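You will see chain A twice below: alongside chain B first, and alongside chain C after that.
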Partner chain A sequence: MRTLLLAVLLITSHPAVADPALAIIANHDGDYATLTRKQVVDIYMGKLTVLANGTFPQPVDYQGNPEIRERFYRLMTGKTLAQINAYWARMSFTGQANPTRLLPDQKAMLRAVGKNQDALGFVDKGEVTPSVKSLMIIE
Partner chain B sequence: MFKAGCHAVLFALLALSSLPAQAAKRIGEFAFTGSGFMTLGVGQMLGGTHGTVLDKTCPCLIADYAQNAIYDGSGGLQFSPDSKLGLQGTMTLPNPNFSVTAQAVARGSLNGNINLEWLYGSYQFSDASTIQIGRKRLPIFYYSDSQDIGFALPWTHLPPQLYGWEAVNYNGISLQQRAQVGDWDVLAGGLLGNEHVTDSGYWQIYNGQASQTNVQWKNIVGANVQLTRDWFETRWSYIQSDTERQNINGVWNNATQRLSASPDAFLHGLRTKQRIYTSAFSVDYADWLVQTELLFIDRPGANFKDHANRLGVTRRLGSWEVSGNIAEYHAQAVIAQGGNPQAQESHINQSLTTRYFLSPQSDVKVQIEQQRDRGGVNWQPKYGNATLLTLAYDRIF
Partner chain C sequence: MKVLQSLTLQARLMWIVLGSTAIIGGGTLLLVFAISYQNKLSDSEQHIEQLMNAVEYSAAIASYSSNNEIADDVIKGLMRDEAVCAVQLSSNEGLHLSRSKYAESPSCQISLSHPLLSPFSDTDLIGTLTTRVDNRIIRTRALRYAGQVALGLLALLICPSLVIWLAVSRYITRPIHAYAQQLHTIVPGSATRITTVPHSSIEINRVIADSNVLLINIEAMLLDERAQRSEIQTLKEQYEHLAHHDSLTGLPNRTMFNERLAHMLVQAKRYQLIGALIYLDLDKFKPVNDTLGHDIGDLLLTAVAQRLLKVVRESDTVARLGGDEFVVMLPALHDAAADALAIAEKILHALQQPFELGAHTVQIGSSLGIACYPEHGKDEFTLTKHADLAMYRAKQNGRNNAQLFQADMAAV
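Moving on, here comes the complex of A and B:
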């Protein structure tokens, strides 16, 4: 009985495994000093296309349904990838917003953001390289 | 009922269900992207008011007025009303701010016939401003633009009390502008255009499947604004037009070399001004989505006005969603114009929908709904009450 109780205590007191942190990245020349988390969400949902400073953000996303994409939208919006796709189906099939540019992996994401002044992207925190600027950490 | 005419749609839907998501190709400086959506729907009438209404064996539930999509009481599983397949292609020109988009939809309710729903050129003259010219959806309601895309909807079909009118598209020009005002995201639009519907499916519901009615909405002018702040969104829309309808009576007119036509008796005079007002409110907070929509249509001089509204609540549970919706339509008699309060259309629909996301691009929904006919004693056609069970598989690709 004691062993069982100990096992239950160990299991219930085990800290939840946190999702790996994500970094929102931009080009070194991008004017995103005042960008907020809410604005990042709005940009990726096609609702915010120009910032008060005149910058036209160019969000970059991943092709298909990789785990990092699912994690990004869950952390930022609390929604599943299916719910995000349902939202984008409404936007993109009806001309309300242009779908974001899609890239195959994090290397391509770092390359694209490093080359484009207005690009915004996201990679695992540990993948950030000097070629881009980390704007905020999402966890 | 398994209409032979919709076999083609069903086979296409099944064949396309395994397609990969989106295709893209570049030829020279022209970029092409292709995508699509499909719904394979099936329904079973469970009960309601039995009888023959016009040429239909009822109980009857009209799933989409605009497309003449009706579940009836003829027995068996019915695949036609909600099944559809849409393909969309977009070509981006060497100037990436200019693109051409076409969207064609084949529907079971139209025996698999393909309609061109969208065909427009789009020029984005800034990242916040877009002008579009061509054929588009009339943005009357919150889900009007996406009414064919089952995966974008929480139901197996839209609440028919609001969605589905004699015209749902237009040919013309529209301007869309995005802005941020304080903490609010603003999407504003305006449009100008015309629409001509021949052999209207909407009026076959009211006048019989053999009837032929041509509809024209001329001088369409509209404006809409959508305001979003965090979890709250509201949308307001106004559209006006000059409406003309003609009933084709099948008698050949030698003088005009056409079938004879007469103005529709429902209209006030040959042409009626129409003003459509809608509003929508949406609260999307945590795992809850609460929405309400309101509609009012005024036709000065006509003997009735249209009112419709709906309230929906959706609870998201991981890959599951449960939605409850209640929608109501009633026509209000204008007694000063000779309207009869006992001869007005009125009905209410209550539905419960469970949705399960099979993948990030597909879902399956089960919906049970009950329609109550509350039309006046002198209202015709009186389709009566109905209880319907529908199952839908939606996919985008």
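Moving on, here comes the complex of A and C:
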């Protein structure tokens, strides 16, 4: 009984294995100085399409369901990728499509963000290159 | 309770069953009705709450993305419940969709509000889902439901009591009533019996059988008693007749004559009537008796009695005092002496005629003494004594004649 209790305690209270941190990145010319974490979520969920300063943010995401994508949504919204996909499925029924561009990997992401002024993206914290600007670190 | 005691068994039973059903059933019914009503009322609210919970996520998405189509779906879904009369979905960022069924119905009083959280943040309040519920419809629903429950319960209450009442009245009270009714109409001693009553039980049949045994016994006893009484009456009459009549001639004897005489004198005194006594002794009776035998003597006495009865009035009394001595009492005469003498003459004549007694023809005569009331005596003793004296004179005068009492006779 005691061992069982101990096991339960271990499983439930086991300290979250720290996910590798992510960096939200933007073009060096991007006007995202005041961007908040909530605004990042809203932009990725299609809610926020134009910022107060007139910028039309262009969120960039990954093709398929790679681990980094899963991690991004989990850290940002607390939802699983399946829930996010379900959200978009529901939205697409009403004609509101996901506006994000989909890229195959982090290299392509870095390249795309480096080229596009209004682009927003995310990569592993350690992958950030000088070609982009790191807006915030999420972990 | 006193009221109950004056009722028949059946009515009393009916009132008890009805009363207890009404009191217990009524209370239970009210309680069940109230509870069912309340339960259904809160059930209805809970149901709408659940509906709202079910659509909450969709409402949050609609609110988050300001998506009118999803919002509309949510609202339509909620409006499907008849009791929901208005739904409003509003977001903090401008979305404001509402729809209502009965524009501003006054019964839309219940307002249920759910705050909407962002689908991507558990702390971010982004809007409100408000549902207004029609009080009247919910109440009607609850009333209908509670009514059905109460109706069912009522049937459940009434049916058993009805069955019990019917069974008891059919198998107990009605047979007892029928039995009591029959017993009531039976006259003790009659040949009527209690017939079996319909639907009676073993116990009631036993009561009926035992009652019939009692009735049979009573009838037998009464019949027996009646027979004894009539036998006693007959014997009494016979003895009375014997005590007052002469067994040979059937005429009243001395006892009865004395009673009649006393009675006549009382009547005569009261109504101032006059009457007479004729004492009579047969002449030459002893020789007949001695020579032809007692049987012929008896026949002769009987024949004399017959002839005497033929010559006197219905109201007159002819009695045999003993041996060959007779007396004729004549009440209510006009002229005592003359009337009495006339009857005496008839007697003399009648008794002079020959008697045919079997093979013998007998001729006798008679000596008669007459005493009149009140002329020759006012009491029994004087009157009979004087009549006897007159008769004695008649015998002295050579028989076969009648003599009226004379004062000088008494002196002898």
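One rule holds in what follows: the second predicted complex is superposed on the first by the 119 of 139 C-alpha atoms of A that agree within 3 Å, B and C clash if a C-alpha of one lies under 4 Å from a C-alpha of the other, contacts with A are read in each partner's own complex, and residues count from 1 in each chain.
We adopt the following convention: a residue touches a chain if its C-beta (ideal position, glycine included) is under 8 Å from a C-beta of that chain, and two chains touch if they have at least 3 such contacts.
For clarity, every value in this text was computed on a predicted model and none was experimentally measured.
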First, second, both or neither for A:Gly78, with chain B first and chain C second: both
Which of chain B and chain C A:Ile137 touches, first, second, both or neither: neither
Chain B versus chain C, judged by how many residues of chain A each one touches: B
Touching partner for A:Ala21 - first (chain B), second (chain C), both, neither: neither
First, second, both or neither for A:Ser92, with chain B first and chain C second: first
Where chain A meets both chain C and chain B, residue numbers: 38, 47, 78-79, 87, 90, 93-96
Residues of chain A touching chain B in the complex: 38, 42, 47-52, 56, 64-65, 70, 78-87, 89-90, 92-96, 98
Residue ranges of chain A in contact with chain C within the complex: 38, 41, 45-47, 76-79, 87, 90-91, 93-96
In the complex with chain A, residue positions of chain C that touch it: 58, 61, 64-67, 69-70, 119-122, 124
List of chain B residues in touch with chain A within their complex: 21, 35, 37, 86, 88, 101, 103, 118, 120, 122, 124, 126-128, 130, 132, 136-137, 143, 145-146, 149, 151-152, 176, 178-180, 185, 187, 228, 230, 286-287, 316, 318-319, 357, 359-361, 363, 396
